[in-house]
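What follows is chain A paired twice: with chain B in the first complex and chain C in the second.
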Partner chain A sequence: MTSAAAGVAAAIDRRGTLRRLVRRHGWTIGVYLLLLALVLYWRGQTKLPWGPFDVQSLAIDALPFAFAACGQAVVILSGGIDLSVGSLMSLANVVSAKYMLHMSFTQALLFSLAVIAGSALAGALTGLVTVVTRVADIIVTLAMLFVWAGAALAVLQVPGGGAPLRYQNLVQFDTVLTKWLPSAIAILLVAYAVLWLTVRRTKPGLGLYAIGSSRSAAYLAGVHVSRSRILAYAYSGLFAGLGGLALTAASGIGDPNAGSIYTLNSVAAVVLGGVSLLGGVGGLIGPIGAAFVLTLVKTLMILKGVNQNYAQVFQGALIVLVVMVGGLAIRQKGKGT
Partner chain B sequence: MTAIPSRPQLRRLFGDNPAVVLTLVFVGIFVLTDIVNRAQGDGAFLTPRQVSTTFLFAAVLGLMSAGQTLVMLTGGVDLSVATTSTTGAFLISRFGTHGSGAAIGIALAVGLLIGVANGIGVAVFRVNPLIMTLGVSTITLGLLTVQAQKQFTSLVPGLVVTIGSQRFLTYVPYDLLVWAPVAALIILGLRYSGIGRMIYAVGDNPVASRLAGVRVWQVLLVVYALSGLLSAAAGVLLVGFNDAADLGIGSPFLLPSVAAVVIGGTSIFGGLGGYAGTVLGALILTVLDSLLTILNASQAVRQIIYGLIVLALAAIYARATAASE
Partner chain C sequence: MQVAATASGEGGGDAAVPPLLRAAGVAKSFGPVVALRSADLTVGSGEVHALLGANGAGKSTLVKLLTGVLRPDAGSIDLQGSPVSFSSPAQAARLGLAPVFQDPALLPDLTIAQNMRLTGADPAAVRRELRALDLDVDPAAQAGELPLPMLRMVDLARALSRDPKLLLLDEVTAALPSDLAERVFTVMSALRERGRSVLFITHRLKEVIASCDRATILRDGGAVASIDPREAGEGRIVEHMLGPEAARAAAVAREQDADAVAPRTVERLATGDAALEVDELAVGRLEAVSFALRPGEVLGIAALDGQGQDELFRALSGQQAPDAGTIRVAGRPLKARHPYDAIRAGVVLVPADRLQALLPQRSVRENIASPRYNRLARWGAINMRDEGRRVRSAIDSLQIDIRAARQVRRLSGGNQQKVTIARWLASGFQTMLCFDPTRGIDVGTKRQVYALLRRLADEGAAILFFSSELAEFPLVCDRVLTLFGGRVTAELPGTAADEASLLRAMHGLVEAGEEAA
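And then the complex of A and B:
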């Protein structure tokens, strides 16, 4: 009797937990279900047998995008927006490609760390400027977009440079444990775990969510608002640096315009990934999934022989539609007014 | 001692009379350009001819940032102005063979349509303006590229070329005939018409405006539609100036369109500013561009300087407005 009751209680509890999990992460789960559906569709469409090689090619295309989405997500969930993500990626891309050309693999890895640190500092500078000047995020980051893009042009006027072959293989060929797990995805997961999971529940991490939710409430609760905002942009720079290096490894060259498409695309992935543009809600897992979804959609359209420009039209329409639906959903919950 | 204006006074001057300060900045950069040009042995820059050229060049930016001003006054931003003007420019050369009237009509109508699409998204479905206009811009550019790949005879009608690139009475550019009336209409309209006042009200406080009986969504719709129309008109001038359209013709104007508005003293948060400042902002950016050309600055340096100037001016305004509150 008691054990039966306990069993029922446990079942109810489990169902409650499940329901809460679905309610809290429903959007993210939806994104991954969509990704799964797209992959299955993709598998049915290819003429040649679908295999690890296809997973690898998806991972190569999606890795820089996923990093851009992560950077943008941190800023947006802290209540800002970063339009400079793409051009900072370009800068990291050209700097790494220019100097790695004649480096050994180890030197290239060490240099990567320097590039990542530099990008994080560049991001922090953007954050510092927003805090000190009190100018709107969008204006500051729009201005920084041009500063970084100009700097990238100054480093390399035309596509060029290079990276050691072994460095490129990290993203292009290597796999971890099984041939189904490209090292590009492993790098992404490690970066996520090390950079975000360790920080998310700590005081600075919670500060990011707090200022995104309500800056004044966060201030009254003792959160150091300025420091949190700078941290958010430093994160954005950090991920932009990783994204730029991913571009170098994936393409083998540096291109001063390589990152420019990621400015809009990162916002799209963040929105599709369930992060509210109002801030305070969401995580990085959703945007990462969304980056893969958007990459795959493009791959599928090319596979189907659709004019690539219609793919662009489709992507623009998708972004607008997602924001529209997302906005309606938020209003249904009564959060927005 | 007392001759030196104290910081608060400077601040007040800037906060209350940005037009005076901006005019001084405009003249200052012009004189500086003149000095640099003389120093390089290329003669005077401060000539009626160069003043006229500056106005001729500034008209495109002026029209594009006119729409941007209206949108930013409501607290939004329109990042589709560049592609909309490209669309206008492209349609002129696409339908140029049908006569200038038809071509201009089609270009303006499509521009208006793009603006309405933006407006519906922002006003009715309450999509974030940044996302909506970027999305619409992506869609427009995609459709435009598809259209451009088709075969057609491209022709820019003579009338459009005249308006976009020539002058009458030796010094007056024809495009001023478009820009000046539009500027007058917007400046006066914002100050004296009902919709003008409502634009400020909506930008200042949308909730209060709604409670006061303003149909906020209609105001927003009108503002975005106008921005589309004005951007297409800018595209018409642009294609007249270049005598040919390519798909990147409008894109260099995107940041300057925002920059001109910010330099002109309109707040990104809405409700504060006006078009007179933007006009001066457009003129300042145009002379600055000439100066950088004379200095032989590379594209890289030019972009960095642009970004830094926008940042610096926005920061100064943020200070000035914070001090006056």
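And then the complex of A and C:
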């Protein structure tokens, strides 16, 4: 082999598979190590015996947040941003709570499918508006934030409604296989596997990463940029729908403002979860872990009796610190090689 | 057989066998800028066809039209006798047109395997093509981790895996190491043997003569000739690219401009310290360039796209650290880590893209004064009176039309460019780097810019001047260096830097200075 090609080949060989894995997923691993550290700390704080109930309570709190983070992550991966995640969650929450109140468990499950489909369509609509009008996504999704929030208030002015007890138990009490695995986490894992794992390695899924990585190169490679963008927002809507239903099951009621905190929190989880805000880099596992981390931080603050306002300051500082340390680590690594 | 196919391709629509690809009267404008006026191109089956032309002749636009990246404003494209219109690159690819661009269309954040799947390429076929190219690429490697030449080869393998009817290579061999470039030529002749066609865009005329059956030459957005490159030879090709009328027009223009801009032979240049001295500088594609620029001199840099001129200007203006070599400013080494360092040393940049340098929403005054904020306002308030005086004198001396002075973006391109120069007049400088300063501005303003640069030089400034318009060099420059493949290929005195000599030297054809002298 001639010199230049040999040099290139050698450069590739030097990169071991394991090292590559660590480098690519190092951030995600770090997020879960942070989660583990927080869990251990949490355990050390309580003198009461530590049981499955604690895991369950964390999962209940984190589930809607994790779904919001997934939705936001897909859009940010594709190089966009979605400010309407939270209010679409509210809408899914109030619609489900209003109509499920007198339904049987089976009817409620079927209705949930309709809510999820409707949310995905709502997300796709947001994407379509962005693509057709060519208005910046941050503006379109900000507008949609108001649209869905208004719609949620129109459906249910004050918190109310409800859901079948068995439906609520799905998130609040049930466990799968062992009492240490709350069904809330099982639902999250199944949703991740069915909705994302099956798609991310297919052409449309790669298209999402492609347009986030470089829109012009994606176009030249024959990717339908507009379709991929709409798909990203459809995904965001889909996860927002799941998040809204999780709120219904976790709280047992519908609240037109229940989702609003998740709009910016989802962005925080995405950033903490190692997704590049420029798009193209990251996955959903990281943001899911980050959603648990941020939920646990909040729980710990309450446990320690920290003032709510300071708790938010601390949460903000944590995000900046983690992202900064991570960024420095990456830069350091870049210099080394 | 090939000859017959070529001949029928030449013959046009009435021949029995229609040519593989026929573009007729294809035109494309971007707003007021006409990129392609009316181009015709016929590529026969089993033909390796070169597409040639100087910078801005319309080659890239034509390729983009042929591959569905852009849609033509007028004209028709026939594929094997039936008209086609591409709505996207994906559709053009399905019809058998596979492009490989200078910037590979691979997503940096995806692995090679994912990139293949994304475009629906058959991974096994790609692997086979890579093996045929004698390349060992790990499909699990992230595209962004591979060096650019390798990415280009992977892109080529992907294009080949589709077994295209027509392979379009847009300056693929530029900046490829010679052994990889050699493999591209092998691929081209293999395709020809199998009756496939190649459209090959390059600036290297030697490559064209060595490996192309025919060549279509574009000039000013139209096709001017379709020739056999071997028969025609380099000289004729350059003549076509330049155009006899253009050469004559350039001569006339020079006479007209003689009053406004007196061409000079400078004696005092030989003496005194160099304002800017570059020794064996290497940055990116720039391999090893040395020159000295003296006060009172305008030194031209002439080069085709991507010969290292961008890197040269980036390095000199402090935007990019050199890989090797030294830059000296007035005798002192300059190690600029930021444009601020270069500006403080008195080296300032006038970029081609004015909006890169200006604050488009702000006023003319603020724009002109902005480089001064470095010094004036470091800790205290800005001395508005002093600022106003300096700005006014810069505006006056450049004759900037300030009717729309409240927002620089409302000014015409020419006036914007004057503002970018005025900024440096107001803040003071020793060496001005002008990178294509007259791009996209009207003729009248261009003349004013030439005259201004000459005046600045007469007043003792040193000016490094790159332009994509060759006719400008004899009007502005005392000396011209030509770059090719990251090295200086010739040095011409400004008076002898006519387009033909420059073009030859820019293509790496030696001894351009000889006949000019």
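The definition used in the following text is that the second predicted complex is superposed on the first by the 303 of 337 C-alpha atoms of A that agree within 3 Å, B and C clash if a C-alpha of one lies under 4 Å from a C-alpha of the other, contacts with A are read in each partner's own complex, and residues count from 1 in each chain.
Note that contacts are C-beta pairs under 8 Å (C-beta built on N, C-alpha and C of every residue); 3 or more make two chains touch, one makes a residue touch a chain.
As the structure is a prediction and not an experimental result, all values here were calculated from the model.
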Please indicate which partner A:F53 is in contact with in the superposed arrangement: first for chain B, second for chain C, both, or neither.
neither
After the superposition on A, what does A:W180 contact: first (chain B), second (chain C), both or neither?
neither
What is the contact status of A:A221 with respect to chain B (first) and chain C (second): first, second, both, or neither?
second
Touching A:V323, do we find chain B (first), chain C (second), both, or neither?
first
Quick check for you: in the superposed arrangement, does A:V267 touch first (chain B), second (chain C), both or neither?
first
By the touch definition at the top of the document, which applies to A:Y310: first (chain B), second (chain C), both, or neither?
first
Does chain C touch more residues of chain A than chain B does, or is it the other way round?
B
Looking at A:A149, would you say it contacts chain B, chain C, both, or neither? Reply first, second, both or neither.
first
Overlap of the chain B and chain C footprints on chain A, listed as residue numbers
none
Interface residues, chain C side, partner chain A - complex:
69, 88-90, 93, 99, 101, 103-110, 114-115, 117-120, 134-138, 140-142, 145-147, 149-150, 177, 179-180
Contacting residues of chain A [partner chain B, same complex]:
81, 129, 133-136, 138-140, 142-147, 149-154, 157, 264, 267, 271, 277, 307, 309-313, 315-317, 319-320, 323-324, 327-328, 331, 337
Using the touch definition from the top, list the residues of chain A that touch chain C in their complex.
1-5, 8-9, 11-12, 15, 17, 20, 24, 201-203, 206-207, 209-210, 212-214, 217-224, 280-281
Inside the complex, what are the residues of chain B that reach chain A?
77, 121, 125-128, 130-132, 134-139, 141-143, 145-146, 149, 207, 255, 258, 262, 268-269, 298-308, 310-311, 314-315, 318-319, 322
